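Chain naming follows the written order as A, B, C and D, and within any one chain the residues start at number 1.
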Amino acid sequence: MSEPYKILVAGGDMRQIYCALQLAERYDVSVTGFDSSYTKKLKNAVLSENKYDCAVFPVVPVSDDGFLSTPCFSDKIRLSDIADSVRKGGLVFSGLDGEKLSDKFADCEIVNYMNSEELNIRNAVPTAEGAVQTALEELSVTLSGLKVLIVGMGRTGTALTEILKGFGADITVAVHSHKGTANALLHGVKSIYTKDIGNDYGLVFNTAPSMVFNRYMLSRFDSSTLFIDLASKPGGIDFNSAIELGIKVIWALGLPGKTAPVTSGKIIAETIDEIITERRKQYV
Amino acid sequence: MSEPYKILVAGGDMRQIYCALQLAERYDVSVTGFDSSYTKKLKNAVLSENKYDCAVFPVVPVSDDGFLSTPCFSDKIRLSDIADSVRKGGLVFSGLDGEKLSDKFADCEIVNYMNSEELNIRNAVPTAEGAVQTALEELSVTLSGLKVLIVGMGRTGTALTEILKGFGADITVAVHSHKGTANALLHGVKSIYTKDIGNDYGLVFNTAPSMVFNRYMLSRFDSSTLFIDLASKPGGIDFNSAIELGIKVIWALGLPGKTAPVTSGKIIAETIDEIITERRKQYV
Amino acid sequence: MSEPYKILVAGGDMRQIYCALQLAERYDVSVTGFDSSYTKKLKNAVLSENKYDCAVFPVVPVSDDGFLSTPCFSDKIRLSDIADSVRKGGLVFSGLDGEKLSDKFADCEIVNYMNSEELNIRNAVPTAEGAVQTALEELSVTLSGLKVLIVGMGRTGTALTEILKGFGADITVAVHSHKGTANALLHGVKSIYTKDIGNDYGLVFNTAPSMVFNRYMLSRFDSSTLFIDLASKPGGIDFNSAIELGIKVIWALGLPGKTAPVTSGKIIAETIDEIITERRKQYV
Amino acid sequence: MSEPYKILVAGGDMRQIYCALQLAERYDVSVTGFDSSYTKKLKNAVLSENKYDCAVFPVVPVSDDGFLSTPCFSDKIRLSDIADSVRKGGLVFSGLDGEKLSDKFADCEIVNYMNSEELNIRNAVPTAEGAVQTALEELSVTLSGLKVLIVGMGRTGTALTEILKGFGADITVAVHSHKGTANALLHGVKSIYTKDIGNDYGLVFNTAPSMVFNRYMLSRFDSSTLFIDLASKPGGIDFNSAIELGIKVIWALGLPGKTAPVTSGKIIAETIDEIITERRKQYV
């Protein structure tokens, strides 16, 4: 590497701070969009034209008001100021919504790091840990011996299964295909088809991105059942019906960043590092 | 049973409410020492002489001011009022400190239910779940892959081990005997002797009731290590030294009642039920 | 179903007997290619033209001599006799090598049930159990505490991981991608890259279908290490080199049928049942 | 240690060879009662008066014919020859039946190492692994998903539980006390009282040293259930009734020595080493 690769980490929550710290071990990293109390071990960016090879945005890059998303900053930053400071042909990393940056970063390659399969597998662990933390906080019974339903046997369902087995919970996984059944067996837990879900669970985690718990389904449950929805919006639980039926639902989104910001920032940093490394190989 | 066995549940926190509800399935239960908002499905006691066969006190029965311990009550109750309402030869259950009741209940048999080995084994589960909840709340990294030290391989250490295995934590158990080593092997985890504890753990649970982490031992740890002390007072960690060294210690006592009051109340109720059943067999 | 669907189960080992028994719960099943001692609860086929809607062949349908593969039969059966007895347009199930049947069954649809992803996920469990049985039989030390390497974190690697965690083995998974690393984390075990495999393992399971353990790699291991190769031919271990180096390698193929024929037969039957059900829906 | 402590390992199976090899790392060890093919890395004893400080006998020291138990030796050895070679006041280790040595070793201290609680906890692991190996060999279904009953939640029951959880078996533990129930909960599995044992298990492990499975109890089971008895003689299963009822029972004794002789020998050696170390401290 003849000259250092210059990365600008722009905005976001604590995750992005930890992401920046991790990237700084291998790259020349500057940050912007954080109050100085957050950035003690980091270099604050002085934005000027074409300065950076790469910009890193948070999972959700743009606020509703059109400025950079900066929950840890008492001021505002325009996207165009960031855009000016990245060189032509530079790499721009966003979590989601990369298309919202495409106008301003027309000369750059925009990559949504949240599309990385590896990142999503790794995020399943802090997501599941955060979901279990939420359950422990909300429930007045132990997870040990509790009848727990996990809807979906993908990454998050798998991570939840592994954790809840340790608690001695009585786990059932709801699946919608024979493959799901087989995956449940592979992880040593019972499964049922989503259409056959019973109503005697003390705790239900939804990880499936479809409306599994509509009004009819919810109406069969006792109001003592706790629902935790981990599926992205619009989620898999009819919230209005749940409220009317007196059923408690917790919509737990963005758990990795909330419950394990260090791990979460590290996962983002390592994903970005891999992509940069891969890109640079191609140009050698 | 010719006439119903009358039990008075007197004071305590939510655990005792759930304990009363569980006992009410088999006995004639009245409660005192709770605001009416807590006791909707329960019968409020009208104290009068010799009315009850049995009184159930909370884990810590007497407040510092000498009255009944009633954290869920806006008034005060004298122990002597409870004493008058229990018949001669009646059974009096206290968690700890039964001897503080011996003057007033001179004609009764006083039993400390916290001495039950079964209750202590069962309490290990909510204790461990509460300890893990605390860790999840405090840490900004995942338990998955974290180096965790559990000091002591008794009931609570065993329960912690089982749960943390599910999280994929890198567990080491500190023991002080060959038997401890063997128990760690039986549960599939590594062990070291307490005297050989290293300093590269991100999380330390102490369950041993002796001063393992004195100033010298603590001084070897990085300030990023989180300590959670589950041992009864005086505990196993030198708090003053920890504060001076900038090490975070959480003294987590009475976890079962705090984190799983329903399960905890049920455990107390079932322990009391067994003792009553056993006693009544002897008198038939 | 106006008239019963007639299935002919033709040849194979005990798995096919159990497969036939399971299919007989829903279909009109006849068998051929088994001595009568094996088929007590089953109907022996009398082969005649166009009699059957469907034929079920074993995983490997044809022997080296060109006859039906019939390890449980003291006589021989020609494929053409089977072919004549299946009606035009019938379904023909083979495990592998369906193309070897295409001449004779030109008027039928040939399906290789071993291509079913679900079957392969489900087969991972008996494969892993059989592999662990082999390890228990061969080793003179316990799996508890043993350093075990699992090469590959696919279905079989996952099943092995789950089982060996219960034994308290010290598991490392060898992967060749970041995704593999993430999958190992999801299952709570350490991982390394295949190229960085160390040499201090007491037991190595290979599940990867490529030559990982060539002569150089093997030469780094102690002769006390036990290798169990679960990858299909040609496998991932250089056997000739292993023999020369005095390293014990067990090539464990077809484990599901050998170690758990009942489960294995049931898996095949359920896979076939699903495919038939799906096909018949399409024709309604 | 001014002069080396001289140990004579006398007779027994492969375990004793591995025990001798392990002891030889710290002591001056000689062996007798093994054919030379077994003792390549060990020193063969030349018995002469008062030569040894200590003799180590196998678990069962004396054969039915009154000679030393020597399954790995083509000749016979008289106990009196061993006795003569141990100095007055020496230590004599036997597994069981130490009293059978008391006449001949009247001037020595006889210790039954099988009385060590630590050894018994550690032996639970190879016992459970051997029992699971037996089950895998005998069953034609997978342990995954199988209904398994474990009678007794002591050391061996605990070790079996841990292993079988990894297999994804559907485990129930039969206990005879509230403490047993609590211990099952602590390990995350269901429990029932021994008197309430059902009859729908595919596999039953008995670890309880009392006649749980008498004729009546056995008669309720299907002949397809496999019983494995791990309790010492007379065991917990009525074998004659089982044979008459066509129920398969495997009486699995001495598993540690059979299935994991290296681990087993090491456990014996370490137990003996501790006892010697302890004794020698007292005399300093």
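Keep this in mind: contacts are C-beta pairs under 8 Å (C-beta built on N, C-alpha and C of every residue); 3 or more make two chains touch, one makes a residue touch a chain.
Since this is a predicted model, take the numbers as computed values, not measurements.
Enquirer: Given the two chain pairs C-D and B-D, which is bridged by the higher number of C-beta pairs in contact?
Expert: Spelling it out, more C-beta pairs touch across C-D than across the other pair.
Enquirer: Using CA atom averages as chain centres, what separation in Å is found between chain B and chain C?
Expert: 51
Enquirer: I'd like the Å distance between the centres of chain B and chain D, where a centre is the mean of that chain's Cα atoms.
Expert: 38
Enquirer: Residues of chain A touching 2+ other chains?
Expert: Those would be 125, 144, 162, 165-168, 185, 187-188.
Enquirer: Edges wherever two chains touch, nodes for the chains themselves; is that graph a line, a ring, a star, complete, or other here?
Expert: Shape = complete; every chain linked to every other.
Enquirer: List the residues on chain A that touch chain C in their complex, please.
Expert: Within the complex, chain A contacts chain C at residues 117-118, 121-122, 124-125, 155, 158-159, 162, 177-179, 181-183, 185-188, 270, 274.
Enquirer: Please name which positions on chain B make contact with chain C in the complex.
Expert: Listed in rising order, the residues are 144-145, 165-168, 185, 187-189.
Enquirer: Quick one: which bits of chain D touch chain C in the complex? Just the residue numbers, please.
Expert: 14, 125-126, 129-130, 132-133, 136-137, 139-144, 162-168, 259-263
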